[in-house]
Structures are given as C-alpha cells and as structure tokens.
Amino acid sequence: MSTETASVIPALVVIVPTSAAVLIFILGKYAAGLREVLAVLGSAAALALSAAIVSATLRGEVLTSFNNQLYADSLSALLISLISGLGLIAMIYSLKYMRHQVQEGGLPHTTTSGRLTAFYGWIMLFIATMLWACLSNNIIMLYVAVEASTIASGLLVAFYWDKRSLEAGYKYLMLLTVGITFSLFGCVLVYASGANILGGSKGLLLSDLRTVAGSFPPTTVILASAFLIVGFGTKAGIAPFHPWLPDAHAEAPTPVSALLSGVMLKVALYALVRTVSLFYPTFAPVAMFALALGVFTLIIGDIMALAQDDLKRMLAYSSVSQIGYVLVGFGIGTQLGIYAGLFHLLNHALAKALLFLAAGAIIYSTGARKISELGGLAKKMPITSFCFFVGALAVSGIPPFNGFQSKLALFVAGAEAGDWYAVILGIAGSLVTMVVLLKAAKSVFWGQATPPASAPTVREAPLTVVVSMVILAILCLGIGIYPKAVYPPLKAASAVIQTIGSQGDSVARSQSSPKYRIARSR
Amino acid sequence: MTSEQLLFLAFGLLVVGAVITSLFHKDWRKTGYIATAFMGVASISLWILALRAFSQNIADIRPGLKLAVLGASLTFHIDKLSAIFLLVLPFVGLASMVYAIEYMGKVYAGQSPARYYPFALLLMGAIVGVVASSDLFFFIVFWELMTLTSWVLVWFDREDATKVRAAWVYFVMIHVATACMLAAGVVTYSLSGSWAFGDIAGALGRMGQTNPVLIHIVLALFLIGFTTKAGMFPFGGWLPEAHPAAPGPASAIFSGAMIKTGIYGVFRVFVEFLAPEYREVWGGIIAVLGTTSIFVGTLTALLQDDSKRVLSFHSIGQVGYMLLGIGTGIFFLNSSPVIAVVALIAGLFHVVNHACFKSLLFLNAAAAEYSTGTRDLNKVGGLGALMPLTMATAIIASLAIAGIPPLNGFASKWLIYQSSFQGGLTSPLFLLLVLAAFFSSIATLASFMKFLGAIFLGKLATAGKKVTGDVPASMQAPQIALAVACIVLGIIPLLPITLLYGAVRGSLGSMSVPGFANIFGANLSGISLHFGGVTAGVWNPAIATIGLLVCGLIAYAISKSGNAPSRETAPWYGGEEYTTDQVRYRAHGFVLPFKSAFVRIYPTVRLPRMNLQFLRKLFDFDGWLYNPLVKSGSRLTDRISRSHSGLPAMYMLWQLIGVVLVLVILFAWR
Amino acid sequence: MEISPQLIHTLSLLMILTSFAAVEARNLRHSTVAYMAQALLICGLLLAYSVQNSALLYWAATALVTKAVLVPWFLWRSTAGAEQETKPAVSFGVSAVLLIALASAMYKLTHMHASLFVNAGGNLAQIAETNLAVAFTVFFLGLYAILTRRDAIKTVIGLCLLENGVHLSLVSLAPTIKETALAGIATEVVVTVYLLLYIIGGIREKFGSTDTSKLTELHW
Amino acid sequence: MFIAGALLNVILVILLAPLFEGIVRKLKAVIHSRKGPPITQPYIDILKLLGKEDLQMGGGALFRIAPMISLGAMLLAATLTPMWGKAPLGTSGDIIVWVYIMSLSAVAVMLGAFASGNPFCYTGASREMMMLLSAEPVAVVALLTAGVKAKSLLMGDVIGWQIAHGPSMSMAFAGIAFFLALQANIGKLPFDMVEADQEIADGPFMEFSGPRLALYKLSFYIRQLVFSFILVSIFVPWPGVSFAPLALVAGLLKVLVVFVVIGLIDSVNPRLRIDQSMTYMGRVLFVSLAALAFAVIGV
C-alpha cells in the first residue's frame, strides 16, 4: 500500500534546526538580535517541511533518507508536525519572556546575552533531536536520538542555576539516563535477535525488523519489551518511573516546560510504541500490561496533582496522568483505541503546552508561582485567565474542547474492548483532573492574593506571550468543535501503529488480526 | 543378663534413685553419693548394652506398654546409632553427678537436694529413653519428660527472678517446638496408622507420591522440633538463657547430653526416613542453617562477658558444625556416597567430641564459680596459679573446641572440612559453608583465648583472693576423665570412627556404602581420606603428636643449650607497679577491635507479658475499625504524595523495583 | 582468524573487579583510575572481538577516546580539591557479600537460561554466556553505586559502569554488528557525563557539597 | 625415610631462617641509608640470648613451656612444608593440618603472654588474636583455591597440578591475596602491631628473656621462612625440578625474592592501627574470594 520514496525532506527536517542551533552558538555572540530570528526561522522552516511530509504521507507515500536511516511514515509525520509546531510557538513565546527571565539568573560565567544564546542554541538542538528521534528508522539510532534529546534539554532544565533547578537538573539527567539505558539494553536484545535472522547490519532497521519480529524467541520478546517499556516509559513519565518529571517540568524555564510536557513525553511514548508494537501480534499480553500501566499512571498522577500547591508542579503531575490516558489508548489496542490514544496525545500536547505557557505568563507578571499566594488575576490578566481556563477544561475533557473528543473516543474504545475497569477508573481520573485544575484556576484567578502577586503593578503579559497562548487556545477549541480536521492524519498514523508488528502489507495484517482478536477476547 | 533386663535395670535404677534421693532434704553430700551410685550402675549397664549393640542390633524390646487407641506401643530398639549415644551421654551424666557431690553442697548449701538429684536422674532416664525408643509416640513422651525435668533444673534457684524468667523462656520455646514435632507425628500417624519408626519412614515415602507439599511441611515441623532442642540458630534462643540459670553440673548435662538428642532426632528422620528425592533440598537446608548457626553463635559468643553465656553461645555454634556435617551428608547421599558417609560420620563424631569438651568446659566454669563465686569474666583472673589442674583441663578443652590438633575437636572439624570441601567441588555452595565454618573456628579460638586468659591466666584478681586451693578431688576426677577423653579421641580418631561408620552404615540400611578401608585408608595410625579412589586429605595424629613432642624436645634442647641462669623477678610495668586490678587487662577488651564489626547479630528473646487488655480492645469497634478507616481514607493522598521524598537514590530504587515488577508480571503473564 | 575465549573471559572477569574497585574506593580519584582501567579492558575486549569483525575496531577507537581518556579526564578535573567521597549509605562488607551473591546469581542465570538472551549457536554462545554474566554484574554494580552512594560524582561513575555493562552485553550478544551507530552510543555517554559533572559543579558551589542526600528540596 | 626428610627440614629452617631475617635487616638499613648490622646479626642475637639470664616472674609451668610449644609447632609445620619439591610429612598432614599447626604456634604465644600477667603482653596477645582472625582466613581461602584447582588438599597434589597446568588467573589472584596476607601473618610492617616495640614494647614477648626469648625469636624467623616457602612452592612452583637439591636452591632463590619485596614494603610503610589492618584484610579477603570464585568457574 505504502510506497517508499527516497527524499531529502526528512533529512532537511533534522538538519535545518540543527544548523540553526549551530549558527546561534557561533553568531549569537556577535549579533544579539540574530539568535531569536534564527530560532524562529529554524522552527518555522521545520514546521513547513513537516507539513510537506504530512501531505506526502497522506498521499500514502513514505519518505526515506540516507538509504532508509530516516523513515517518515504518517505516524512520524504526525509527531514531527506537532514538535515543530509547538517549537515555533514556544519560540515566539520566548522572545520577550526569556529576555525578562535571564535578568534573574541563569547559566554561570556568562552575560545575560550569553545566556540567551545558550538558551536558544540548546532549545533548537532539543527540537532537532526530538525530530530526529521521530524520524529515525535505526533502532540503535532511535535510542541515541532519544538520549540526545535528554542531553540537549539537560542544561535547559538547570537553566536558572539556583538550588532548585540544579537539583532538578541532576535528577533529570541521572534518572533519565539510567532509565534510558534499560531501553538501550532492550534495543540490543531486539537487534541481536534480528541480526541472527537477518544477518549483518540489516537488523538495525525497524522497517526490516518488523518483517522478522514474529519469529523472535518468546523469552527474548518478553525481556526486550520489558526493558523497552521501562526505558522509554521512564522518559515518558509513566509511573512509577515518573519522579524526575515534576521536578524538571516545574524548574525549567516555561517554554522548555511546555516543550517537555507537550512533546518530549510524546516522543518517548512514540519510541515506546515503535519498538514494543513490533511484538504486539506475537505477544498480545504486552498490550494489556500497557493498559494496566496506563491506568496506574493516570491514578498516581491525579492523586499527586491533588496534593500540589506549586502551579507548575501541579501541571506536571497532571501531565503524568494524561500520559496515562494515552498509554491506555494504545493498550486497548483496537483501531479505535489507538486512534483515541493518538488523538489524546495531540490534544494533550496542545492543551498542556497552553497551560504551561499561561502559568509562565502568570509567573512573568506576578513573580509568584504558589497557588496559595496567587489570586484575583481574572481582572488583571483577562486573556491569560481565559487561555488557562480553556486549557484546563480541554485537559479535563469538558465539551466542547478537544480533550472531550479524545477522552470520549478513549472510553468508547475501552468499553468496546471490554476493559471496563480502565473505563471506570479513567472517568474517575478525569473527574479528579477537572477538580484539580478548576480548583487551581478558581483560586488563582478569583481568590485572594498575597504579596507579591497582589501588587498593583501586575498586568497582562506582553504581546508575543499572549499571541502564542491564543494560537494554542484557538487550536484547542477548533479541534474540539471540528475534530474531522485532524481525523485523516490520525487515522493514517493509527493504521501505521496497528501494522508495525505485522509484516506491513494487508495480507500479513489479515493474518495477524485474528490472532489479536483472540488475544483481546479474554 | 539379657540386654532386655539390662535396659530395664538402667531405667529402674534411675527411677528408684530419683525416688530415694527425693527423700533427702539436708545432706547434699550423702545424697550426691547415692545419686552417683545409682547413676554409675545404670551407666555401666547401659554401656554393656551399647557394646552388645555394636556386635549386633538389639531388636525390638517390648515392655508390653500399649496404647491401643493410638496404636502406639512402647518399643525399644537399640541399633548402633543409639548405641553411640548410649555410650556417650551416660558418661557425661555420670561425670556431672560425681562433680555435683561437692559442688552443689557448697554453692547451694541452703537449698534442698531433693529439688536437684531426682530431676537430674529422671532427666538422664528420659534422655536414655529418647535415644532408645523406636516408637514416635513414646519418643515424644520421653522428650516431654526430658523437657519438664530439665525445666525444673533451670529454675532450681527460685529466688533469682531472672532465672525464673529464663525458665519461662525455655518452657515456652521448647513447647512450641514439641508442638511442631507432635503435629508432624500426628500427620505421619494419620497416614500410616502406627507410630513405629519403620512405618513412619514408609508414611513419608508414600506422602512423597501422594502429597509432595505436605511432606515438606512435615519435614519442616520435624526440623524445627529437633533443632530447637539442639539449640540451632534461630530456634536456640532459649539456650543462652537457660544454661547460665541452671546449676553448673546441670548445664553440663544440658549442653553435653540433652541437646544431642535433637541431633539424634535430625539424624533419624532426615537420614533414615527421608526418601531419596528429598535428600538434596533438605540436606542443603540443614547445612545452610547449620552454618548460619555456627557463624552467628560463635560471633555472638565472642561478645559475651559471662563465662556460661560464652559457653552456651558456643553450644549454638558447635551444634551448627554437627548439622553442617549431617546436612552435607544428606545432600550428597544420592550423588556421592563417599562424601556423604564421611560427612555423616564427621557430624556424629563432632557430637561425641562436643559432649566431652563442652561438658568439661561447663565444669571448668563451674569450678571457677565454685571458688570465686562469680561468673563475670571481667572480675575473675589468675586462678591458674591456684587451681593448676583445673586450668590444665580447661586449656585442653578450649583447644579441643577451637579445633587445635591433635585434640578431638580438630579430628571431627577436619572431617567436616574435608567432606564439605569435596562436596564444594561439585556444588560450590559448600565451599562458602566451609569458609564460614573455618572462620568461625578461628573466632572460637579467639573467644576461648579470652575465656582462659580471663579466668585462669594473668594477674590474680581481687575476686580470687579468697581462693584457697584447687577444687576437691571429687570435682577433679570428672574434669580429668573428660580431658583424657578429649585427648584420646583426638589421638586415635579411627577407633570412634569405626564405631560411627557402623552406625552410619546401619542407618543407611539397604544403601550400598563403600567399605571402610576404601574411605579412611588402611593405615590405622591415621586417616587418609579417599574420594573416588584418590587420596584427597590426610591427618595422622599419631605421627603428628610424636613429631610435636620431638620438635618440642628439640626446642627444649636449644633453650637449655646455653645453660643460662634463671632468676625470679616481678613483672615489668614500664615503671611503678600499681595494685593488681588497676593494671589488669580485662576480658572485655580482648576482642574490642572485633566488636565494632559485629555488634548484636544475635536476636535476643523477648516474651510478652500476659495481659487481658486486648479483650476489652476487641469489642471496641470504633477503636479498631471505623476511626482508622476514616482516617486512612483521608490521609491516603497525603501518604502517597509523601512517598515522593525527593531523594534521588529513592527514585532510583523505584525504577529498579519497577523493572523487577515489569519483568515478573510479563513473565507471569505469558 | 578465531577469537580466543580464554582471553575474553579473563578480560571480562577482570572487569568485575575493576568495577567493584571503582564502586568501593573511597577516594574518588582512585575509583576514577579503576574506571579507566575498566575502560581499557573494554577496549581490549572489543579488539579481541574485532579479529573477526573489523567494524569493531572503530568502536574500540571511539571507546578508547571517550571512555578511557575523556571521561576519566572530566572526572579527574571535577574531583580536584574534593577527592574524598561522601560517606556512602552501605558499608564495604555488605557490598562485598552482595557482589558475590550477585555475580554468582548472574553466572547461574546466564548459564542456565542462556536461551533468554543468546539465540546464536557456536563458540560465540559460550563466550557470550560468561560475558553476559559479567555485563549484568557490572550493570547492577553501577545501579548499586547510584543507589547507595551519596556522593554525586560517585553516582556518575556508577552511571558509566552501567553503560559499560550494556556495551559489553551489546558486543557479546551481537559481535557481528557492523554499525556506525555504535559511535553514537559511545559519544553520548561522554556528553552526559560532561553535563552531569557540570551541573554537579554547580551543586557543589550552591549546596557546599556533592552529597545527593541533600537534594531533597523538591519533594511532594 | 620420611623421618630423615623431616629432620632435614627442621635443621634447614633452624639454620636458614635467621639468615633471611639478616638479609631483610640489611636491606632496610640500606634503604634508610644506614650501615646496618651484619647479615649474621640474627644468629649472634640468638646465640647471645641463649646464654643470657632467664628472668621468670612466677608465670607458672605454662609460662615456661609456651616458647617450646611455639617453636615445636613451628618446626612441625616446617616438616609439613614442601621445601625441596615435596613435604617430608606430606603423607600425614594436608593443608588444613598445616594451617592449624601454624595457629597452634600462635596459640602458644598467646597463652605464654597471658601466663605472664603483664598488660603489655595482654595487649600484644589480643592483637595477635585479631591478626589471626583477620589474616588467616585470607591465607586459607587462597590455599583452598589451589585445592579446588587440584581437587585435593594434599600439598603434593596441589603442587603437581600447578606444575602440570601452568599459571592461571585464579591462582594468580590467590597468590596475590596470600602474599598480602603473608605480611600480616609474619608480622612485618605495616602489620607489625603485634610486637610494636615502640608502642607496647614487643607485646607478647615482653616478659620473656634469655633462652625463651631466643626460642620465640627463632620461631618468629622460621614462621617467616615457612610462610614464604608455602607461597613460592604452591603459587609459583615453576619450573618443577625433580632433583631435590636443585629444587631447594630454586626455592631458596624465590624465597629470597619474596623477602626482598617484603623488606621493601616493610621499610617504606608506616604501621597501621589494628582496626585499619582488619579493614584492609577484609578487602584482601574479598580478593581471595574472587580468586576462589574464578577457580570454581574454571579460569
């Protein structure tokens, strides 16, 4: 069905932001204004290229570069467009925001402009690595890219260089690297078994592995999938591997938090799906396990979010729970389930980025971040509060926002597949999410403020910040009202996920589907 | 006399002696002589019996006492295994009786002999019954009798509250163990319909086919029952409580004779009755438990400052050696009979040796207490100058228990090392066990250096000032006898080993066992072990002893070669001499560097006070049901969030646990 | 040309000792040296394998530069002035016992259930069994270090051990690997270590020590 | 036959042990850039001591015979030691016996020290015990490693196996461990805290003078020699020479090397505290355990 055509676009998608980063590092010192321009242009170019890829994949093509080292099918297309889009928005947001933030502190031994250079350079690298991860077709390189995205974001997390952010940075790098190392072991196992059948280096290419994954020895399959789940799951913030997440997301500069929570978790999840789904037809229980893990994650995330007073930590924990939902979707494993999972992935990316940006705006203007300290901002910063509410309602799945669509699809899929416990817990969880977010929103925007948040100088955030938030808010609302807009790419992507394991053509799928029906019917 | 009459004579004598001695209330010495007389004659008849048993087993003796309801009938069956115990245990008993004559009279002058001797004699009778009877029901009856009489001896000194508490600990722990044993017995009875040993073996065999889970439970129950009495860690917690509480001679009987019955039981059940397919697992369990017992017991003994507590903890350790030997033997019975036979013999040999040197050590400790009135190693010292004979025996016993050649302790330990080492070549676990055992034997040496140095050597402490001379002859005699036994068993180990070989072979029954010469070599002056035909270890005590003497003489000649003059002086303290106690080096400091490493690895026994509070609590539903539920519900969120402590290592631990869980779940799921 | 199992066994078994030394040495520079020794061992292993797969030579070169030169250099630099490690949570004896238990368990695991990991045949399988045992042991030693060592720099060393374990398992599971991806694996470790040490430097200046048990400001 | 061999061993150690001590002393002197005593000094010491007055402070019989037991046990151990290829009494005692005989000599030292109720002696004895407790297991594990290799505990078999199979990794480790324990077993710096003369004035030997001290010194020297011989003949027996005198010469040369190394370490190291040395021995024990593990694995 899908025709593989060698193309330069996937390569460009990775190369453009990378070169932008390099240029920023080199030129940032001399031309102060240039770095922002480069950053925005770079991410915009990336967005354009990914749009091209999306259109190509919608035509049923698969673009490859470097003789299949990079491999862009519709699943990759979905994610890279998401990454570059959010990247662009984050860049626009940063323009004023970071200029203000670097006054307070940042990486040592540098001037404020040096800090800005570092910030933009690293964040472009971060985006580039994530794009690379989503495009890589080489199982080892997939790991390398994911790990590289950790490295690239490491300094960003510790950017403010005070006690809290340093601690967060240490935990982030240490825990993530250890976790990811497990997945490297998983990849090694997959590669080793693949190489024994395919021979040579062909075993490294996912597109080749999928053809032989069915014939791996079962124990290897179990070991590999376990290690992959743990490894990429750590990066995706799946409980109980999530503790790094709230620290990092809360301490990083807001644009970075938005990217971390918005896309990086998704990239990890993508890597997880890419690799583990190889075994899905032969080892159906892995899906049920993913389902259970997802439910556990969403419960833990919600409970933790309940107990938070720090705005950004609260958002971070709710990201944990939302990742749980996405995982539930993939775990359900039916066509509808995977579709719902991807849909929620998209929605959560938008909504949670929106929430983080709004929280950043609040911090920007008030300098306070504790829910208990904030209050009464509805009058002072109306647009921000509007955006925050949109985000909150979207995440907690209230119509007419996008979150509602995806969660509805999710629960329907669960009900169809008979995973009632997941459905019930999921609904309960989304109620808790709503309580958490709306409680926070209420006390932040209507409640009583304490200094410094109560200072009369507090006013709406600058234009670029507001613009970026509004774009996201509109997207949330738009998708909520007219979901068909995003249906085709999601459909294609979910089809890809379903066929990763099977031999990739329709015949093989028809072979594999009865097997997996059996697996579903308990 | 027929052997039947001999056995009954022994029992009769012990019982009658108990009755008669119970009539005396004042005169310790006279009572002592009477008891000794009865014990002596009984022992002689038992020895004759045992020697006959070595020529051929003394088949079932049935006094006709039957419990038709239970299908139990009192039956005695004295095979070579029982004979071994019948040789050794009465010897210990007799020694302690003789010793008690003077000792009890002086130390417990106020008390009444009627509360000591009858129970001591009955205890011996019970012990004999335990090792002689071949019917599980009456075995347990004798066992219980043994427990009760020894329990009375533990709280012999009623005035002392701590001793009464020790007795309480002893009573509870032992009865828990007995309950386990009884339960196991009932299960086997329900399967076989008879209590006779032979049928029990059959029952265990059948259980193997029908209900493999049950048999493991039964075996575990048996093991707990026996090893508690034997004092194995962790069930031996009563031992360091009960031994110091009991009077000196009584603790000699306890450690020298009574705890051996536990080993006897283990040997009977796990060597004779056990079906081959369970040997490996249970042999391994026994060996590992034994080694743990060695390690923990010995290292804890190192930290004690009360002479009898030191000895009791060493009993825990030494029992470990016996169990290590027996366990190794059971483990290798299927795979390599040679190793198995050597190990089993080693274990039993250590039982015999331990009976000698440990009872001797208890007598020595008692002698020190007898003359100074204290057991605190930090208070006594320098008694050797005043009681040379006691010191000599004490040194022999200490070196024997520390396994210094050419004494008997070395012979048995050497056999244990050899067998476990050979076993370790095929299953490396046993190498670790050997190492632990070896290390512990050095630790044993350390703690007995401390024991000797503190009690007998060094400067005379104030506690010893009033000591007039060595203990009276009636207390010397048993010490010397036991010391001689230690030396003889050490120098001609092959004599006991031949007897033990017979015993082991007898209890292995139909199994084909390699011939004696094929294991221990033809050369009767020393042991040369053959494993699979090749000689793997040699120990020739005769030549070694002669060599030692010769070399000692050479050394003596060298020292005399310069015919140097000699002169008496005072010790040099690097200056002015203070009064003794200030410059004395106390026992406490001896292993000080070591103590920092091993503090408190032995759990202390704590028994709860009985109180009826819980009944009232039981009906207070709010108290234990509703309020907690409500509270916990409200606190749940907080709890879970508290688990995010922020400690990086903690999170890492989560990750690790997560990995394990994921693996387990996925593997379980397929 | 055949690869010699004896050589490989010797090298890989030595790795256990070096990693244990790296974990247990109280002086950070000593453990750095131990780590360097281990890195050299890995290079040696790669060379030993490369007689039948020349692609490994490149990897060996990269490993030499990154593991054996750069990482130790970074560690050495960052331990200047603070050579003594913060007292770890677990004492030597425990770790020794644990290591012995671990190593033997892994040995049993890989030899009894080799099929779990190795589905190749031939003499490589035999080599892989012992190597995997070593790899897992080193891996878990690294985890153990990160878990129980309170000194941040020590945890970084643990991280490196972790990576070494995985790399060893990679080369022994798939000795025929012909890939440039390996260079990526090798280099990213260095970058991670560099960044971690950079951040740890910041921690040292802000917190006054590299004691990770102090890093609990961000909690529930 | 074996009686003659045993006597030969006894005489050899009695005659040679002081020589090696003298060599070590000279070496230390050279390193300290002193002139140092003549190599024959230990002989002179012993001979002189044998004539000196023998002060006894009522320690009783034990005090009198302890030195003889100590030296006697050491000589017996010497007869169990393969010095010229095979051990004369090798057919009546194996490695375990050897170890225990060695410890018997240490026990005699301790008992003698206790018998003289002098606190210095007590301290020394206590340290001796601690060293035994921490250093002996290392030696035993190393020897057991050899035993595991040869599947037998007879000195002869072990050496035969070594010669037949050549060096192996596990034996190398075991040898290193044994050597590290050797320093402690023979009480050389940094492990000479037992008779730390500047600190507790010769510890256990303090009260002994004249011939008894001579016996102790002699047995101390012989202890060094015997341990070194075990080291070289079990862990580096190559090349296995069958012709006895040649084997003896080879062994002596190897022992000389060992003594030189020991002397070097001895002269450049400070004395450890007893607890430090116990910790150190714990680590060495770990090395030897590793050796044992390798032997089990079979490398």
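Lettered A, B, C and D in written order, each chain numbered from 1.
Criterion: a residue touches a chain if its C-beta (ideal position, glycine included) is under 8 Å from a C-beta of that chain, and two chains touch if they have at least 3 such contacts.
All values derive from a computational prediction rather than experimental measurement.
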item	value
Common touching chains of subunit C and subunit A	B
Between the pairs B-C and B-D, the one where more C-beta pairs touch	B-D
Inter-centroid spacing, subunit C versus subunit B (mean Cα positions, whole Å)	48
Rounded Å distance between subunit A and subunit D, as computed from the means of their C-alpha atoms	69
Centre distance in Å when subunit B and subunit D are each reduced to the mean of their C-alpha atoms	35
Intercentroid distance (Cα basis), subunit D paired with subunit C, Å	39
Residues of subunit D engaged with two or more neighbouring chains	289
Interface hub residues of subunit B, defined as touching at least two other chains	428, 597, 641, 644, 646, 648, 652
Touching two or more other chains - residue numbers and ranges from subunit A	170-171, 174, 178, 223, 246-247, 304, 307
Pairwise chain contacts, counting only pairs that touch as defined	A-B, A-C, B-C, B-D, C-D
Partner subunit C, residues of subunit D touching it in the complex	169, 279, 282-283, 286-287, 289-290, 293-294, 297, 299
Residues on subunit C engaged by subunit D in the complex (per definition of touch)	6, 9-10, 13, 16-17, 20, 24, 92-93, 96, 100, 103-104, 107, 130
In the complex, subunit A residues that touch subunit B	170-171, 174-175, 178-179, 182, 218, 222-223, 225-227, 229-230, 234, 240-241, 243-244, 246-247, 283, 285-286, 288-289, 300, 303-304, 306-307
Sites on subunit C touched by subunit B in the complex	89, 93, 104, 143, 146-148, 150, 155, 212-213, 215-220
Parts of subunit C lying in touch with subunit A, wherever the complex brings them together	113, 115-120, 139, 143, 146, 152, 155, 159, 162-163, 166, 169-170, 173-174, 176-179, 181-182, 184-185, 188, 191-192, 195-196, 198-200, 202-203, 206-207, 212, 215, 217-218, 220
